[in-house]
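Below you'll find the structure I mean.
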Amino acid sequence: MSAQVTVAVVGASGYTGLELLRLLARHPHVRLAALTSREYQGRPVGQVFPALAGIVHQEFIPPDPEEVARRARFAFTAVPHRSALEMVPRLLAAGMRVVDLSADFRFRDPGVYEAWYQPHTAPELLEEAVYGLPELHRQRLATARLVGNPGCYPTAVVLGLAPLVRARRVELHTLIADCKSGVSGAGRGASLATSFCEVADSFRAYKVFEHRHTPEMEQELSLLAGEPVRLTFTPHLVPMNRGILATLYATLTSPATEAELYGLYEGFYRDEPFVRMMPPGTLPTTAQVRGTNFCDLALRVHPAGDRVVVVAAIDNLGRGAAAQAVCNFNLMAGFPETTGLDGPPLVP
Amino acid sequence: MSAQVTVAVVGASGYTGLELLRLLARHPHVRLAALTSREYQGRPVGQVFPALAGIVHQEFIPPDPEEVARRARFAFTAVPHRSALEMVPRLLAAGMRVVDLSADFRFRDPGVYEAWYQPHTAPELLEEAVYGLPELHRQRLATARLVGNPGCYPTAVVLGLAPLVRARRVELHTLIADCKSGVSGAGRGASLATSFCEVADSFRAYKVFEHRHTPEMEQELSLLAGEPVRLTFTPHLVPMNRGILATLYATLTSPATEAELYGLYEGFYRDEPFVRMMPPGTLPTTAQVRGTNFCDLALRVHPAGDRVVVVAAIDNLGRGAAAQAVCNFNLMAGFPETTGLDGPPLVP
Amino acid sequence: MSAQVTVAVVGASGYTGLELLRLLARHPHVRLAALTSREYQGRPVGQVFPALAGIVHQEFIPPDPEEVARRARFAFTAVPHRSALEMVPRLLAAGMRVVDLSADFRFRDPGVYEAWYQPHTAPELLEEAVYGLPELHRQRLATARLVGNPGCYPTAVVLGLAPLVRARRVELHTLIADCKSGVSGAGRGASLATSFCEVADSFRAYKVFEHRHTPEMEQELSLLAGEPVRLTFTPHLVPMNRGILATLYATLTSPATEAELYGLYEGFYRDEPFVRMMPPGTLPTTAQVRGTNFCDLALRVHPAGDRVVVVAAIDNLGRGAAAQAVCNFNLMAGFPETTGLDGPPLVP
Amino acid sequence: MSAQVTVAVVGASGYTGLELLRLLARHPHVRLAALTSREYQGRPVGQVFPALAGIVHQEFIPPDPEEVARRARFAFTAVPHRSALEMVPRLLAAGMRVVDLSADFRFRDPGVYEAWYQPHTAPELLEEAVYGLPELHRQRLATARLVGNPGCYPTAVVLGLAPLVRARRVELHTLIADCKSGVSGAGRGASLATSFCEVADSFRAYKVFEHRHTPEMEQELSLLAGEPVRLTFTPHLVPMNRGILATLYATLTSPATEAELYGLYEGFYRDEPFVRMMPPGTLPTTAQVRGTNFCDLALRVHPAGDRVVVVAAIDNLGRGAAAQAVCNFNLMAGFPETTGLDGPPLVP
């Protein structure tokens, strides 16, 4: 099949946009038709990002939704939340299908969004929008007009806990997600907090009990459980470029063996091309998923049989953003899910 | 006071030994009298460690306990566990006082040691040995002949949880310690697992439910609580040289405010020179304690008032090993606790 | 074209072997037919390298040349020098064509090899072997039975200086190559010198005037010049995983402008798919070639017009080893040179 | 001697200012009397820099020269060039002695300063100012009212080449300084170029032939030579916090052996407390001088005897800025040169 779909990347100059370009430039069914950047409009992509010299032969254009819609059928919007609230409805109105990588269309309940973000100016779209985690919402994605691409932390946490939560094997009010992220998760803007000397050779927690990814995790886990789930989430900053490792703690509702829970996970993720269960006795690293859409999982049961620790590893820019967005696009466009996403991890 | 005490470092060529040399070389009341290294015996320290050229003017000697005892009154033993079991009794028998940095003299119950390590060949010394955490055992340290210097992870975890546990403000069977360590914690030996390309730009968990520091934490927390404490401990490897950040999770036995718990901690650590409570609203980083004996602490209470997260930061080679050992030595020798330990953190 | 060539990787468990697997696993005309590893024989690749789980579905086999030749027509030998001396002749004798990534078949003059390495036991093959730098030896590569794949440093240095040297625009006896490499260049073995804490947050030079890549650079540059070239080469170790940056200094034989020399380079590398001249005013970084076969180049002329500085950036595992080897294979097998090598750089 | 000198740090909130605070807080003859910061005025130092909590017990004050002069006798000015031009004359006029860490008082010839920086508004002070490299200008420093503290790169380069240049053992017009710096050299401001993800796991050159430290090196080397020296200088950015490694290339005026040149260096730096010659066969690393005022040196002579490579390592914030400034202060105030500067390097 050599069909080519015209695609736009709106907000193509952040790290997520750059990763989208990396993946889409080699996607066999994609023609990059519009790349927008307010900051770099008029400049060739390969000049702004020398890595893409000779690979992407275009200029950035201004983020004008009508012009974007004239050029392309699908849009990836990789702009900050709030900007997406303005841009996405106009892209849809102009007939496009959209994968939005901001937080603006991830929530079913506008009230939750508004409690953590700001007033929502297009609540009618929330009903229609599909949360872009293929393992949970694959069927609805095929026909979606608008996909809310999951946050990086929620992707790792929800995939890590989903089998246990859906099977009701764990207590639903004492879940803990201790997560560690590479610095690219903070975006490409200059700030003291993410400058090299403030991050390198150091480690820290941030936004304890305050991170906006919390309600997103709770929404998806509650859907799986069929009742409200409460989660304690602590993000940390690791001196590395990419990667999220989520260490997840749960109390089992009744004793279990490791083998039993491995069986549960293997059943849940059977035939999933992008979830890899690590062999018993091993644990994932973020390096081993670098640049990919994989989510690697392992688990351990305490010898007492009452508590489980799950470890999930993803690439925050890959599975946590751009690669998952491309996967959602594949599903929407009817391409095999792995199209353009089969590059192996870059190690070391 | 210009009294000089003769001091030996047994096992002076690992990272902990090197950190001891860095601190002891400038300690105003210490004369380095014997530095042993099996590997480097006969070679000048400044040649093996160019960093110490012009600072330490000695040669490494073989680890012969009698010769060591002839030269010095105090010994720091920075050898692997098991080696300490052989060496320490002979140093004591020769009349020395010893701060042992291995795990061999940290446990009150030989059974616990033997369950996690190996048969204990000097169990009679366990009764006498003092666990070298000054904030908890300061008085006994003054007269100790043998100090079991705490492990790096237990130092951070016990200091981070002590006020809550002693006050019985948290449930004692669901404590979680999610800890992250720099690579120097693995020692100075060559191994694939700690080679640069296996660690850099990556993050991983290891030894889930299997790490030998677990019983050490449980021993000290149980002593504080007056009843058995059970803790889930997960260590992680951070691509940085030094530092441990412990993120500690506990369920409050009754609702509390952040201010109330800050008050509890400030009371517990009042007048402690090496514990710093971060101002409310801030969180510690490992960089801010680099090279020191500080333990920096912060805490957050969940808006629901039922759960607390404590964050503790130490330097694993400093407070987690060498600096704490020097602090214990100061207490044993009758010097002010901070002697030789007042160098500010090196940042960035 | 869907022709599939059977390919073996001999020595598939070092970093170069791993990078070969990453590239070959997605090469459209390659069928991985034999992967050897003495250390891991009998174990599934995806278990030894979790990054490749689900991607490479094979076991490592012992490095038996006859068995390898039975399974595959082409071999990449990624074994240490000396091992290649033993293995390669047997693979050739069994009818294979070979890209050897060691130093054993890079030299035309056995005397040079023997002065820097050891006695050469197959000197008759040196005449036949082609030095695998496509920009210089493309035509001979098409029919080569044996390719000596260039060293990482020589690749960057020779590509960086070739236009100036062939045009005789610089003095040939005062060339300087100040090169900086990521740690993966040292291979995957455990050693103190490449352990994380010895490398991270530090920088050093090594093997000044002693590095074995020197004669390789001099051979190729002398061929280009038509007379002996002498070069001062200093390698350095950078705390990063991948990448080489070569800063090259030369004295111009007569004054030149930057524009003139850019013209020289653009002419020399016209139509080369894997050499990118940076726009004037910019300089390459190693990140922008990560994971690729690119060599990015820039140059500056001193205002006085008498001296030039060239900066070359490559990925030591990509262009400096595995990707260049695949490129050579493409040329040998008659595939377009870029086949399987079009993945964009991974940034950040 | 317990004399206390009142000292001000003007511009105390950059990385250089922070390093000055680290060193001065423990200097036995210093009382920190005024710390200025425009950005943080009114805030406690320990709150802005948690590393200094419990160590420096003061608030930042505005940079008012009269108020500063009222409080202190000596000032360290760690403000950007141009700001120093305004501040320093007023501090001097108010009776202070000043170590200025900007470039504004490093040049003897105002024309050189103006060619690389901007118009000089206090040229009369240039005659009086002493270039603060103790090994070259120790005697004049004792009575200086104003010291121009050297740049980080010039410190490493000038110390590395001084013996060869003064002895006229090398050609003076073909010197090359290929220098590599940690990121703290770029200061503490937020910028995309020094953000973590732009620097980590990468390496680059910058400002080839354009860096403002060039004329400073040429000034000092010309003074040593007694005739104009011309130098090619290329700075590079290393993904590490601190440290400069300078690799220096020179052509010998007549053949020499390594032993002969080691003798030359040992003679030149005899009795210098802060220059360490590495033993023949070893090379310095930046880690081994971390946090100190040391300059570690090694050299290699090409087997042909006609070319020498010198390697110099310093800490850019230590010897390249704050520690050297404290050393200059010691000389000005009549304290032993090493006072407050004897802390050993922090490794790893």
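In order of appearance the chains are A, B, C and D, and numbering begins at 1 in each one.
By our rule, a residue touches a chain if its C-beta (ideal position, glycine included) is under 8 Å from a C-beta of that chain, and two chains touch if they have at least 3 such contacts.
Just so it is clear, the model here is predicted, and its values are computed rather than measured.
After Cα superposition, the angle needed to carry subunit B onto subunit C is 180 degrees, rounded to a multiple of 5. Set side by side, C-D and A-D show the greater C-beta contact count at C-D. For the touching copies subunit A and subunit B, the fraction of interface residue numbers used by both exceeds half; the interface is of the same-residue type.
A separation of 46 Å divides the Cα centre of subunit A from that of subunit D. Rounded to a whole number, the gap between the C-alpha centres of subunit C and subunit D is 39 angstrom.
Within subunit D, the positions touching two or more other chains are listed as 15, 184, 197-198, 200-201, 239-242, 284-285, 287, 290, 348. Those residues of subunit B that touch subunit C in the shared complex are 15, 183-184, 188-192, 194-197, 199-201, 239-241.
Those residues of subunit C that touch subunit A in the shared complex are 15, 18, 21-22, 25-26, 47, 49-55, 184, 200-201, 241-242, 273, 276, 278-279, 282, 284-285, 287-291, 294, 296, 342-348.
Interface of subunit B with subunit A (complex): residues 174, 176, 178, 180, 182, 197-198, 200-206, 208-209, 232, 234, 236, 238-243, 245, 247, 249, 251, 283-287, 290, 300, 302-303, 307, 309, 311, 313, 348.
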